[in-house]
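Chain naming follows the written order as A, B, C and D, and within any one chain the residues start at number 1.
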């Protein structure tokens, strides 16, 4: 897995392609732009999308850069059109990217179930905004359930990657293509409007995952038997066999691909579980809490599915309490509670609708948790 | 809440409306037909749908009966069209029914999030089939996650009712309209192809929930201030306030509307948790298990959201083990484990793809659970 | 064919259905409203549409009145959806109305070709606006070619009725249903924003054409062979036979159903050919021209297809010149020139884009024509 | 305007791109393939389409060849999607091709009116099939009216080119792009399933029209005032001014770009007017008629709009009769009669539904016309 520093993308002569702005050895980029460029450098063969805030810069970047690379960029009629075009392109063995934001993701539920069932790789970036409904264009993490549980119909799972910095977002974009093709599955990168739209100095390091053999790809059947891409198995016995195959694959992914990171857990009494933007807030809160004498640490899932349940379960045996911080009304907390299984108190703090919890709010919640964790056994419920 | 026996629906003179077939005092009907007629008798003002197996008889019944009642029936361009027409009709204060099966449900994710956000009542019946993708047309329960967790984007919940007989399906249809209007929310009736397509003798008892005041309904603003139905709250503070309001409503529903039924729990060592068709299989399995000396009982959630967590948690303190039976790869088991929180072993048995577990399989799983539950503390994981 | 005076439509209790405003024995109504009510009284069983100016009042009237009558009104996803729903309803034998304005009409080209091919009756009202493209919302007659020639693909014709007053629009609405069913064909009522939106005192006389036997209607095949509604004839011999049948039908319509009206032709040297709003302007211009000593008269086609060619050809043998007046760049003039075949000069005056020719412009054009017609033989061309 | 012989297109390494098959110095190609390759060599920047017989080979050729050239090929959701994507691409200054067959063309009526109004260039190839409705997949010329008159709404005209051989089809493809850009207008190439699907040996000569300045193109407004592409002119005065501009442009096209070809007219008494496949049948019929002593010749419009009216009118002064031959029930005959204006008899022979007139049928019609033309003055009508 080599990582080579790469030059900034070449400008388009006439139309003033936005270039990354350099600051010293690093470059200032928005997360949306960085993920887009990372996808291109990762060998993305085709992009399909439809504009929606706060994901727009990603689509705009692809609109300029993909034609420069001689690769198709299509703004479809709708998100429904985009994801179905992605299905078609993936069926030919192409490395395909789709991006959207929350309402647009909802329109992709049917096709993602079809792609999971047909075992077609695709990377879908969801730059979450406040919901439900049209909601606001502020940042949010309220599509956690959708990404990790029941978006489309049927028994399927989709790896979900949650970056907490622009640099990580770039790396996970390449990883997402690799996972998608290795396991022949859609992969979701779940991020939010803050990470998407804020600028950060980033080291431009790109990686192009090696091309895997694509034995499903319908590339013309010259000299070999025809291939069929489908999700229909009319005989229930056949469909059950296919489901057993899928479940075995999901078990393998859960076994091998789970990822998380920790900070300050060596001596921690209290642990914050948070991902993405919430983890960045938590990091600041932990520093302040430690200044105030609370030994807190961070457990940051990088894969939301598979969720790092085993590691968190182990951790729960030697801390006094767990605080879940989300930009939502509380969704990941279910997976946390499934892992902790009542061993220690699990508290929650979050904001919704585009609001972001402040470090002070998180510190206050830690204080509250510290008090309750000291009290005799209490199993929290929602 | 009066329940009056009602006559069979009057036939349409020319076109030979299928009538319920009488057998003694009862009538033979398919579940799909019975739910359709129950909706009409419950005062359903408008129906929107698109044909899909195994839900077709429901749409066909409405296609004939709604015009007889002088009420609109629309077969839309697609499921997307149907649910958006439902949104429009609900915005005028109408009592609206939509029905579909799994792939069609996935197409409704965006609009259901909009309706939840806009607080518009609608009843949606999902006659589940084997997934993911096109899957099969066999019965399934693999849309549990979708119905109860992350179908659409954003923080919202939808009451989910799960009938286990045609008679109950009819009663829950009326209840669903009542819940939808009382709480101004979409309500899902989650059933499957067996309940939808099998015939059972049913007592024709219908109920029309009283009309509530519909202070949201856009009926023309003569003599009053205009009303606006919307899900867009561009200021994040406003959207957060709206989310707090929604969360308070969901807490009230969780507090007041949770429903479950139990059988043979008085002396039970082992408890099966199952809903819908799986509960019927479980019932047979429990009888056989008891014949074989295993004291098993049934805990049947009637509301899947809100899930009867408190009752199940209490139960978990005085049984030796819990067996979850689903027509899926295991979805409700997460809610069961969230309730049980590791107090006793939780086992699972299920079939997928349109297959149904046999009572023998369930009995075997009970035996396995009985053995493991007797063993020293073991916290099962998925 | 009895014509009975009818009471004003009954009001909807709560929502204040707009009622026709009475003035003496007559009633003030907009043309759009009058056509809508005339369609209801003509027995229109179902209405499908999508809002567009300047046709909106028609759809709005139907939105209120059709439910009052217990008949379906559907605002579809788009004009494409509306006309395809109309196709479906017509296939069951229903009397169906669709309305739109120019851009929306263009979206109906495919389905109208399908309905013509399948011999399904439907009445479509086009309240023309300025084009091409989105154009303006001003009145126009620039869809003459579309209505009479090549809207959809293939060899088919559609009767086109062009009212010149609100009263005539009401009568032609009933006639349109009768023609549609007698000849199993779509019928277009071609009018414009002035006639649609201006108010005129009208005598409320309605007519419900008798129901014809509908031997095509797919009403359920109980006790008779199934019927098939289709436009596909894969064998070219079969399709040619079907086309010969259609052409024979069109010849019969051209023979029997052609309609026009004349004014002041007894002594006319110059004749204006104009329909709809242009004919009203022409009427004023003729009065002024006669005051100025020019003996002008009016030839007003009521059916645009079949065009009254024979009558106009006869007329051309004893006048000195023909002036075509249109709210377009000149479209009907082709049919006029096909009839006149060079016997006398054919001149044109028109305005486009929502502009209406003034009587003064028309009088000036008559003067110009009078001069040129006096000159030696000249065959005008476009 | 140089025409260089060009090499056969390079093969795609893996997927065996179909290459033109050489026969001596010439190459065997289907018309659909030849037009596709001609478009690519003419510098087509983007292709949008949707599959339909008998146009499919054209789309398939583009599906392979455009990616080889690094240019976008998109199979859209529908013909509606394809033509609207073409509108978007043309608005950026791209050279755009769309192709379809009759029913698909009908779905493009609205967008073509928008493109005409917005003055956006596009080339649309219609490989006509038997209509109306789904009709058959046999060859046809029954979309003449649609192409030349009233497809979309509003006063606009579209140049229509009608090739009669594969070689001419290739040349006209390049010409079409040139016309489209010079006059900023959609251009239709009107051909049929015989020309599209038959193979002929063709000389591979390609031409890339020079790029014109595209002052409308929305390429990013850096360093210049923004440009707006639109068809909406809400003020009727503005829309009329725009229409006057369009009409002046159409007059210029009619003046400069009209094209036709003649054969054997030097001594002809009778003239056949026919285009495309019908002209090929006519050519054979003329040879046979001359063998039988009838002096017949061919007048073949190459542009259907502008129609070569002046040349045909002149011709009508020194022949005895005109026979129109079409693969339709008679559509171009209206333009012929408008040109001839009754000077000589105009007869018609045609077949519909996918059938093609035989040379014998045409010779018989010539004999009939010869007899009637010898009779005293008779003005034929339809």
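Throughout what follows, a residue touches a chain if its C-beta (ideal position, glycine included) is under 8 Å from a C-beta of that chain, and two chains touch if they have at least 3 such contacts.
All values derive from a computational prediction rather than experimental measurement.
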Quiz item: Counting only C-alpha atoms to place each centre, which chain is farthest from chain D?
Solution: B
Exercise. Report the inter-chain centroid distance for chain B and chain C in whole angstrom, where each centroid is the mean of the CA atoms.
Key: 50
Quiz prompt | Chain centre separation in whole Å, for chain B relative to chain A (CA means) | solution = 30
Practice problem: For chain A, write out the residues touching at least two other chains, lowest number first. | Solution: none
Quiz item: What pattern do the touching chains form: line, ring, star, complete or other?
Solution: ring
Self-check item: Contact set on chain B toward chain A in their complex
Solution: 80, 102-103, 105-107, 109-110, 113-114, 116-118, 128, 130-138, 140, 142-156, 230-244, 246-247, 309-310, 313, 328-331, 334, 337-338, 341-343, 351-355, 379, 381
Quiz item: Where on chain C is chain B touching in the complex?
Solution: 14-16, 67, 70, 72-77, 81, 84-85, 88, 219-220, 222
